[in-house]
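Several structures are given next for inspection.
Two complexes are shown next, each including chain A; its partner changes from chain B in the first to chain C in the second.
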Partner chain A sequence: MISNKRLVLAHFWLAFAVFGLAILLGEWQMFIRSPLHGWLHNPDLYYRSVTAHGTVMGYVFPTLIAMGFGYAITELSLGQALIGRRWAWAGYVMIIVGSVAAVVPVALGLDSVLYTFYPPMIGNAFYYIGVVLVVLGSWIWVALMGINLQAWKRAHPGVAVPLPMFANVAAAYLWGWTAVGAALELLFQILPVALGFSNTINAGLARVLFSWTLHAIVYFWLMPAYIAFYTIVPRAIGGRLYSDTMARISFALFLVFSMPIGIHHLFADPQVGSGFKFIHSVFTAMVTVPTLLTVFTIGASVEIAARLRGGKGVFGWLKALPWDNPQMLALAFSFVMLGFGGAGGLINMSYQLDSTIHNTQWITGHFHLIFGGAVVIMYFAIAYDLWPHLTGRAMRDLGMIRMQLWLWFVGMIVTTFPWHYVGILGMPRRMAYYDYSAPGTSGEAISVIMSTMGGALLVVSAVLFLVILYRNHSASRVEPAPFTFSRAIHEPSSLPLALNGLGLWVGLMIALTITNYAYPIVQLMGLPDARVPAVFVGAK
Partner chain B sequence: MNADRPRLISLRNPWFTASAGALSLLFVFSAWVGFVWLPSAQDDALFKGLLNAICSAAGAPRAWLGEASPPVPPKAPVSSVVLTPGMLEGASAGGSIGRGATLALRCTMCHGARGVSAANTPNLAGQYAPSIYKELRDFQSGARTSAIMVPMLAGLGDQDLRDLSAYYAALPRDSAPEMYPAPDIVATGSPMRNIAPCESCHGAMATKLGAPWLALQPREYLKSQLEAFAGGSRHNDISAQMRNIARNMTPDEINAAASYYTQNR
Partner chain C sequence: MAQTFSADSHDTAALSQRIEKRWALLMVSIIGLLVAVMIFTGLHWAMMPPSRVETIDPSTLHLSGEFVESNLGSAVEADGSVTVRVIGQQYSFTPQCLVVPAKTPIRFRVTSADVIHGMLITGTNINSMVEPGYISTFKTEFKQAGDHLMPCHEYCGAGHEAMWANVKVVDKDAFSKMAVNTRRLTCDL
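Showing the complex of A and B:
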């Protein structure tokens, strides 16, 4: 039972509203740089749009989802009202204020720096201050998740922490620690220049600090999807979770391996030594362990559901799955996109293979497939599952929901597969227009048009999604059955200390951050001639 | 406190020893491969020996070009000005505009009483101070040549140049008419020929440090400078930025760019 329904709904609705706006920007960008449109005569409009799209989709949207879902998980899994309700609302307000402060100067053309900041480019300080406020607002959530778990543990000594809360707090601590990198970059590198205290910046150090955030943030985006894999889908399709222990180990390993790998984003950066690049490459490869553990565990859980429904044979059980169930559909689509995206990711994380696709459209295709595809489709699934419990109204548009999920899946494949392809052909990213009439690039035109069409499908799907959620608010009232999470085949009665809390895993995360990041950061801080003149952006 | 109470961080906790031990092994192994084994495969003196291998893989800055030959000197003098956002800050922040106005009396016969003239010389009123300062320094150092400007600057010190720049930057710009839409070369450049849009540095869309504001400059001046860059007779652009752009422009594009910025005046 959720007692703070308004809090959770406020987070979800704001998240989906800004998502709806930002996806329009995304499709406009696809269109404007495709052969369907002539060259944009003010390319800055494109960069404003990219900055806004990235800021909203990368910082505001997933953070709000994680927060809203986290508050719901706290109350549903612990069976207690949220501690710190006023603080939660304060965090929410900070995110709104921060988002407005960030997006207004972007719209005015004062901050076309893209959401990854790209120092030595420096824009108007309000953008960075807005992003800092969004992060601070989300840190309130991080603290509340820890406080709520500790309060519950004190009241229930020796009892196993529910899996959803274990995973939720893992996500919170992951975000709390990984956001430190970008916060250090903003506070000590970028803001002093943006506010006029300095006009040079240690761009190499700033990029290393951002890489501290840049990869683990992806796993923070991913966490709600993984929580849904383990704790919602098996229940929704009438099965059991194959292994509670495996789930906990997966989340613990995500916590450990998300952090010490960010330098794989800097393979082409000269200021980081090749030895550290190699170490980060190895640790990135380790992320496959919790990923494959998850694929196996969820695959087994789904098979259990199928066999309970009378499925037979080595593969024949697949037919017995409830394919008309939106959760089943979303899971299957998510896994297909995760599979292709993960395979592409193996190329990005390889020190040598990366050089063939570094800074090409392949990268943009990759993170849209993983995040926009595999993860966001599970955000939809989470909303569909929670909505009746939040509104107290029946979710009857199952046909529309299936259509929406299909459209999102097909749209994302049509958008991102050609996107990857043009990347292999060498098409650079972050450009407002391309010369499709040149012999070397004319072959890319048809692929880019296909991507644009896929993007249009995504817009239709997003509109459908918002309509479904909106219509639910005026559907017939129901008293939904009490919300439950998936039950494991073997429910944990007592757990080893290491799997009933996150202390060990947070400790290892911090230790690996030190081994893998301390030397590059300290070395760059000590380089007297590493500071370069800032390049100020914005129309005069 | 019960001594038998299980502790998380303890060698008797197999979860702790296994996870911390496995991660340590993984780290040691990847560090050995990344810092010792892979560098040793490099056939380069700088990687020979254990310490050299580790230092190079760690990215410790070293004099890589110590044994290489010195840089080839350019055939003609190039600009020695270092452009930074704070290059004009410093000693005489206040009061320099008035002094610059006095010094500017020698400039008025060509550049106009208030920085605007019809003599096909650059209009200086409202020009960015770093852009003026850089050109003056280049005339003094010989990086940019001019039979008129070089003698005019003889005897002027660095502070004089700063004051002149500050004075002209402070003058009001000639009121600009509504600019007509920019031609392609100005708005988009030509990416396949490495021509950046003029606007991305010289105003309207964005400005970059050191790039002058071009609107309402005399057409003849803009055209002759683009042609001088293209032919290489003007070579004070840092890193040959303008030479590389102008060389790839067609005569029609040079005309279109010059006409746009002068608004056909």
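Showing the complex of A and C:
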């Protein structure tokens, strides 16, 4: 039972509203740089749009989803009212204020620096301050998740922490620590220049600090989806979770291994030595392990559901699955996209293969497929599952929901597969237009048009999604059955200390961050020659 | 399946754990194999990204040192290899057209005069960031003659989309003839 329904709804609705706006920007970008449109006479409009799209989709949208879902999980899995309700609202307000402060100067063309900042380019300080406020607002959530878990543990000594809360707090701690890298970059490098206290910046150091955030943030985006895989889908399709222990191990491994790997974004950079590039490459390989464990556990859980429904045979049980259930459909689509996206990720992780596709459209295709595809489709599934419990009204548009999920899946494949392909051809990222008449690039025209069409399907799907949620608010009232999370085949009665709390894993996360990042950061801080003059963008 | 929950829950727990462990072992081995391949190609083919952490002051590039304008382009070294020096700046590369020989060891030295840029050469694995304050050095060899594009691949400001250079790979002999009369070669007009 969720007692703070308005808090959770406010987070979800704001998240989906900004998502709806940012996806329109995304499709406009795809159209404007495709052969369907002439060259933009003011390319800066494109970069403003990219900055806004990235800032919303990368920082604001997933953070709000994780927060809203986290508050819901706290109340539903611990069975206690949220401690710190006022603080939670304060965090929410900070995110709104921060988002507005960030987006207004971007719209005015004062901050076309993209959401990855790219110093020594420096824009108007309000954009960076806005992003810092969004992060600070989310840190309130991080603290509240820890406090709520501790309070529950004190009241229930010796009882196993429910899996959803264990995973949720792992996600919170992951975010709390990973955001530190970008925060250091903003507070010590970018803001002093943007506010006029300094006029030089070490661009190499800034990139290393940002890489601290850049990869683990992806796992923070992904955590709600994985929580849904383990704790919602098996219950929704009438099955059982294969293994509670393996689920905990996967979340703990994510916490430990998603941090010390960010330098794989810097394989082609001159300011990091090959030794650390190699180490980060190996650790990136390790972070695939929890995903591969998840594929097994969830696959097995789904099979249990099928066999409970009378499924037979080695593969015959697939037919017995409830394919008309939106949760089943979303999971299947998510896994297909995760499979392709994950295979692409293995290519990015190895630094020989990375040089073929680094900073090409392949990369844009890769993270849209993984995040926009595999993860966001589970955000939809989470909303569909929680909504009746938040509104107290029946979710009856099952046909529309299935249509929406299909459109998202097909749209994402049609958008991202051609995107990967032109990347292999060497098409660079983030350009306001391309010369499709040049001999070297004319072959890419048709693929770019296909991606634009896929993007249009995604827009239709997003509109349909918002309509379904909106319509639910005026559907007939129901008293939904009490919300439950999946039950494991063997529910844990007692757990080893390491799997009933996150202390050990947080310790490992911090230790590995230090071993893998301390030397490159200290080395670059000791290079005063590498401080270069800032280059201001927009009016100053 | 439904009965086994209650019947021998201890046995099924042990069984499910065994299967799980087998899967985990298989996955870890696959990942281990991938890492081994990375180590092998890294050492055996000496495929290494630019990683020297070598610094340079971008505000005096044009005044002295190896990146003065007269020293940019392709230079033939005493051992027959070629060194190509390139600068990226908003919103062009200098030189705008590189000329290099095929089947010859080539070393690139690239830096930026202002913000972060990137470069890749289409149809090859040449791909590097170009950052102010640092010099990117990497080695390569072109297998055959041909024309390639060389776009900037990192957002560098409102003119980023127009930052493209050309690379002309010519036969070794043709290159030697061109090199007779010039100290630094480019195909700039």
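Keep this in mind: the second predicted complex is superposed on the first by the 538 of 540 C-alpha atoms of A that agree within 3 Å, B and C clash if a C-alpha of one lies under 4 Å from a C-alpha of the other, contacts with A are read in each partner's own complex, and residues count from 1 in each chain.
By definition in this document, a residue touches a chain if its C-beta (ideal position, glycine included) is under 8 Å from a C-beta of that chain, and two chains touch if they have at least 3 such contacts.
As the structure is a computational prediction, the values presented were derived from the model and not from experiment.
Trainee: Could you say whether A:L504 touches chain B, chain C, both of them, or neither, answering first, second, both or neither?
Mentor: Only chain B is touched by A:L504; chain C is not.
Trainee: Touch check for A:V159: first (chain B), second (chain C), both, or neither?
Mentor: neither
Trainee: Considering only the touch criterion stated at the top, classify A:I489 as touching first (chain B), second (chain C), both, or neither.
Mentor: The answer is second: A:I489 touches chain C but not chain B.
Trainee: Between chain B and chain C, which one contacts more residues of chain A in the superposed model?
Mentor: Greater contact footprint in residues on chain A: C.
Trainee: For A:N359, decide between first (touching chain B), second (touching chain C), both and neither.
Mentor: second
Trainee: Which of the two partners, first being chain B and second being chain C, lies in contact with A:T288: first, second, both, or neither?
Mentor: A:T288 contacts chain C only, not chain B.
Trainee: Should A:L191 be classified as contacting the first partner (chain B), the second (chain C), both, or neither?
Mentor: In the superposition, A:L191 touches no partner, neither chain B nor chain C.
Trainee: Output check: A:I83 vs chain B and chain C. Expected answer is one of first, second, both, neither. What do you get?
Mentor: Neither partner.
Trainee: If you stack the two complexes on chain A, which partner ends up touching A:V97: first (chain B), second (chain C), both, or neither?
Mentor: Neither chain B nor chain C is touched by A:V97.
Trainee: May I ask you to decide whether A:A268 touches chain B, chain C, both, or neither, giving the answer as first, second, both or neither?
Mentor: Touch partner of A:A268: chain C, not chain B.
Trainee: Can you list the residues of chain A that meet both chain B and chain C?
Mentor: Touching chain B and chain C on chain A: residues 43-44, 271-274, 277-278, 282, 286, 431, 433-435, 438, 440-441, 523, 527, 533, 535, 537.
Trainee: Where on chain A is chain B touching in the complex?
Mentor: 39-44, 199-200, 256, 271-279, 282-283, 286, 431, 433-435, 438, 440-441, 496-499, 501, 503-505, 507-508, 511-512, 515-516, 519-520, 523, 527, 533-540
Trainee: Provide the residue numbers of chain A that touch chain C in the complex, in ascending order.
Mentor: 43-44, 46-47, 50, 112, 114, 118, 120-121, 202-204, 207, 242-243, 246, 266-274, 277-278, 281-282, 285-286, 288-289, 292-293, 296-297, 300, 304, 307-308, 346, 350-352, 354-356, 358-360, 425-426, 428-435, 438, 440-441, 489-490, 523-524, 527, 529-533, 535, 537
Trainee: Using the touch rule from the top, collect the residues of chain C that touch chain A in their complex.
Mentor: 1-2, 5, 9, 12-13, 16-17, 19-20, 23-24, 27-28, 30-31, 34-35, 37-38, 41-42, 45, 47-59, 90, 114-116, 118, 120-123, 125-129, 131-137, 147-149, 151-161, 164
Trainee: What part of chain B is in contact with chain A in the complex they form?
Mentor: Going through chain B, the ones touching chain A are 6-9, 13, 15-16, 19-20, 23, 26-27, 29-31, 33-35, 38-39, 54, 56-61, 83-86, 181-182, 184, 187-188, 190-192, 197, 200, 203, 205-209.
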